[in-house]
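Inspection log for the structure reproduced underneath, given as structure tokens.
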Amino acid sequence: MVPADFVFLILATLIVACGFVVVFHSKIIYSAFALLFSFFGVGGIYILLNADFLAGTQLIVYVGGISVLILFGILLTKKIYNLTTEETSTQKIIGGATSLAFLGALAALIFNTDWQIVTTTQEFTPQTLEIGKAFMGNFILPFELAAILLLVALIGAVIIGRDEKKEEI
Amino acid sequence: MDNILVWTMISILVMVGLVSVVGIISIYLERKVSAFMQDRLGPMEVGFGSLANAIIGKKTFKEGRIGLAQSLADGLKLLQKEDIVPKGADVFLFKLAPMIVFGGTFAAFAALPLAEYFVPADINIGLFYILAISSFGVTGILMAGWASNNKWGLLGALRSTAQMVSYEIPIGVSLISIVMICGTLSLKEMVLAQSGWFWNWHLFGAISHNGAIGIVLLPVMFINFLIYFTCSLAETNRAPFDIPEAESELVAGYHTEYTGMRFAIFFLAEYGAIFVGNAIAVTLFLGGWNSGIPMLDEANIPGIAPLIFITKVFVLIFVVMWVRWTLPRLRVDQLMNLCWKYLIPFTLFTFFYVTIYKVFLT
Amino acid sequence: MEHKIETDFMIINMGPQHPSTHGVLRLELKTDGEIVMACRPFLGYLHRCFEKHCESLDYLKIIPFTDRMDYLASMNNNWAFCIAIEKLMGIKVSEKCEYLRVIVGELNRIASHIIAFGTFGLDIGAFTPFLLAFIQREKIFDLLEEASGARMLYNYIWVGGVARDVDGDWLKKTKKFCQEFKPALDEVDELLSLNKIFVERTANVGVVTKEMAISYGFTGPNLRGSGVNWDLRKNEPYSLYTKFDFNIPVGAGEQGQVGDCWDRYIIRIRECRESIKIIEQALEGISLEGDIYETVPKNFNKMPKGEVYARSETPRGEMGIYVVSEGGKAPVPYRVKVRSPAFCSLSILEEICKGVMISDVIAILGSVDIVLGEVDR
Amino acid sequence: MTPEEIFDKLKEKFGEGKILRLTLPSQNGFDVCDPFIDVEPLAMTELADFLKHDKDLAFDQCCCISGVDLKDDLQVVYHLFSMSKLHKICIKATAKRDNPIVGTTAHTWGVANWLERETWDMFGIKFKDHPDHRRILLEEDWEGFPLRKDYKFPRFWRGMEVTPEEEEGTYGTQD
């Protein structure tokens, strides 16, 4: 077993375990934190796959951004002096059936794919340059579209936030 | 393979040492600097001799003259303190939080280029990595504030998060200017690009990259540096942006309920974060381990490169402390105003300027 | 489709153990995020039954108790009480004693103002001015210790006189202090008063209009901060204050509106300068001839029947002492009521802390300058 | 205005029934006192309003509100001052001990709110229509009114011993 496999096992365990916590833990705050660690583990996997830029983005966007946003939402909505904010699951049968079906679909996908196993550890090559070239070259249109979308979202958020405040006053 | 493992282990050990030493030295410096500014003496009694005496039980405390062992003694004291977990706290998260905060800071240390031959993890996207990993600390702070079941803690955590998330933007944009000039994200290469005379440093327009024309970058680089420095103060919750732990408002913010070693870990992490923040400033703007005088660098004195680096960082840390003991604290809304209405537009302007420069002048 | 978003207020207890409630005051804040919707002060954590004690103590024995009310300005408390008793007994105090009272009273006023603006800076987050000013406060304490024998709780001003005489050496030291104090105060002033962040934090915050200030019983620097030119030392002169030439600084809204926190703060800095002026003039005027016990009554056996309300200007404002005496041979007052300036000033908190931010509550509380010992008595 | 003029003006406005008498120094057995006017306690609210808002009187500053235990009665003493006219007066409202009620002045002077609460706290004098009629210095559940002359200090409070046994009876009693 090479060190990379060992690290992969650790990361995979982290992701799966945290995923279980996200789904099954009764306290929503635990779910949120577990989700965060799950994201973190995914970032680790990216590094193992030599996708360094993607890993960094994963950390910045998901760990530093989205998870914090989720946590923020939870902290602001749930009362601090009521630590037992528990979520119960309803509709167990439908939920179970859906997830079983989904599991089946995934399994089918996994077993039907012709996996190509790379045996040699590839030499680490920086990805940032290629990504940058791709963004500014072939994929300039989607890139700019995404940028405009984000800008629109930002302005929209500002407008919504401002309107609410006016009503208050 | 073995070589790499050994080397990694050594690097990790050195970095663990560096983090704690940095913490201890910073705390000592903080006390001495504040004392100096306030016309006091600061710690005077606890020297290494008296500390040793106290440990073995002798009762002579008159050996210290400038209190060198004060922070060590404080650390020892905190280690012995009772580890109190508040009654309503969420025990697991409460205990986990300081580790995450510390982990975030410590992980950032890995990519610091102390010298050309000593970069513990010479990652290709070093700068990006540090920015990414230090956002991990935010979650630890949120965790601490929430888990301690204290309203002041929660308020502090919320403030801290809002502040850090906002100030990451001007930091990122101001650093992108440098990245554009260097054309790399690797911290090591950035420092290498600044070797030679001190006017090769990015702060002075990075003459080495561009020749004399680089001088047009000088004003924006100064602005960039100031913005980065301001934002790094905010990122590390230092005065005048220390509103998350404003002791006169929120008691102690997110670490109100922490005692003993857990509190000490928060402190170490905080000073570690200050070190990292200023280390990035030194690496990107002030030439990293280069002394600024080529003769000195070429002399190849062993160990001088990390020394120069750390000295530069501590000079900046001194400025941080200077600012802290001089300025009052901003209010939350003023803090956000500063970020969104002043810093971000200014960074966008410098970013634009550098883009124009890069496209048309090189 | 209409969304009804329900929000919940958070109730926060600020105090009684909180770094900036200046003692053991509890504020119950109802907050919506960072905005304070309502603020309710709860007092009494330092209540020591001063008025009840007074009803079983001799007149002279009450004086040490007055020290413990406003422990930052004990001299002025002693003085206020003595003025009331002297008014009751019809005693005219000798000029030398009056001079001494003015000197120690003004020294203590400076010491108290140092705490006031120092801790105010501390509340805003500026640590250094506080400690720089404290060095001067230590010097004042040294002087007062030499005069009275104690550093904070002096028991110095007695009915009809003062407890101890001073010598020429002390006067010289006091003079030297006056000269040293001015540049030191300038330093603090420079460091804090016009600091951009400090002004941003305090100007236009906690504005108290003239009418509100008078209605809510603001007195002293707080009242003057709201733009009312009112000082008992000028408007209802007692002791020797008619002899001295000094100005009454009045808030003018230089950085924001009249009556904001910055105005209340700057008044105190300026008052320190005026106090120095008074002390210097008093040092010129005092003569060391004469017996300080000359006008001290030998006993309190023949108290007149009656009641007096005497007020005087302490650093926190106007302290009124209402004494009811049964007359005859009763050695103790029938009733003593203290109109505490900080108590009255604090009552405005509920009114002006609506819709401000948590940090502003701290600023307002700091600018009003309360001493819980005096509020609770 | 002199105390006599103030007294006459008030009497003219409110009549004999509400404005009882004026006492000047060395009258009515006093050796020393500030001039004061005795008034009917329940008339205090409208009286305060008039005192503050009348152009000639203009008592804008309420210096002090004190309670006094007169053994048979309970008295509230108002020291008023006018910053614009520079005159002062003392108003006394005497209420019966068994049911002491005085009209509130909290709507007129802001500071009266707390001063009246303190008087209620210490003397148990009720203020009619007071906006926030709670104890202020003592605990909400404290029993008795400490500054009354017949107050006995309690032995226990909330199960805590607040007066040691040997000292019982030595506090809070005159003579």
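The chains carry the letters A, B, C and D, assigned in the order they are written, with residues numbered from 1 in each.
In this section, contacts are C-beta pairs under 8 Å (C-beta built on N, C-alpha and C of every residue); 3 or more make two chains touch, one makes a residue touch a chain.
If you're wondering where the values come from, they're calculated on a predicted model, not measured in any experiment.
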item: Per Cα centroids, the chain farthest from chain C; value: A
item: Chain pair, A-B or C-D, that carries the greater number of C-beta contacts; value: C-D
item: Chain centre separation in whole Å, for chain C relative to chain A (CA means); value: 59
item: Interchain centroid distance [CA atoms averaged], chain A/chain B, Å; value: 28
item: Distance from chain D to chain C - Cα centre to Cα centre, in angstrom; value: 25
item: Distance from the mean Cα position of chain C to that of chain B, given in whole angstrom; value: 43
item: Chain B: positions in contact with at least two other chains; value: 151
item: For chain A, residues that touch 2 or more chains besides their own; value: 80
item: Chain D: positions in contact with at least two other chains; value: none
item: Contact set on chain D toward chain C in their complex; value: 25, 29-34, 60-64, 66-69, 77, 79, 83, 86, 90, 109-111, 113-115, 118, 122, 136-139, 146-147, 172, 174
item: Complex contacts: residues of chain C adjacent to chain D; value: 43-44, 47, 49, 51-52, 55-56, 87-88, 90, 212, 214-217, 228, 230, 235, 304-309, 311, 318, 320, 322, 324-325, 327, 334-335, 337, 339, 343-344, 346-348, 351, 376-377
item: Chain B-touching residues of chain C, taken from the complex the two chains share; value: 10, 12, 18-20, 34, 121-128, 131-132, 135, 191-192, 195, 197-198, 200-201, 357-360, 362
item: Contact footprint of chain B on chain A as seen in their complex; value: 3, 29-30, 33, 36, 40, 52-53, 55-57, 59-60, 63-65, 67-68, 71-72, 75-76, 80-81, 83, 124, 126, 128
item: For the chain B and chain A complex, residues of the former touching the latter; value: 1, 5, 88, 90, 93, 123-125, 128-129, 131-133, 135-136, 138-139, 142-143, 145-146, 149-151, 154, 157-158, 161, 165, 168, 185
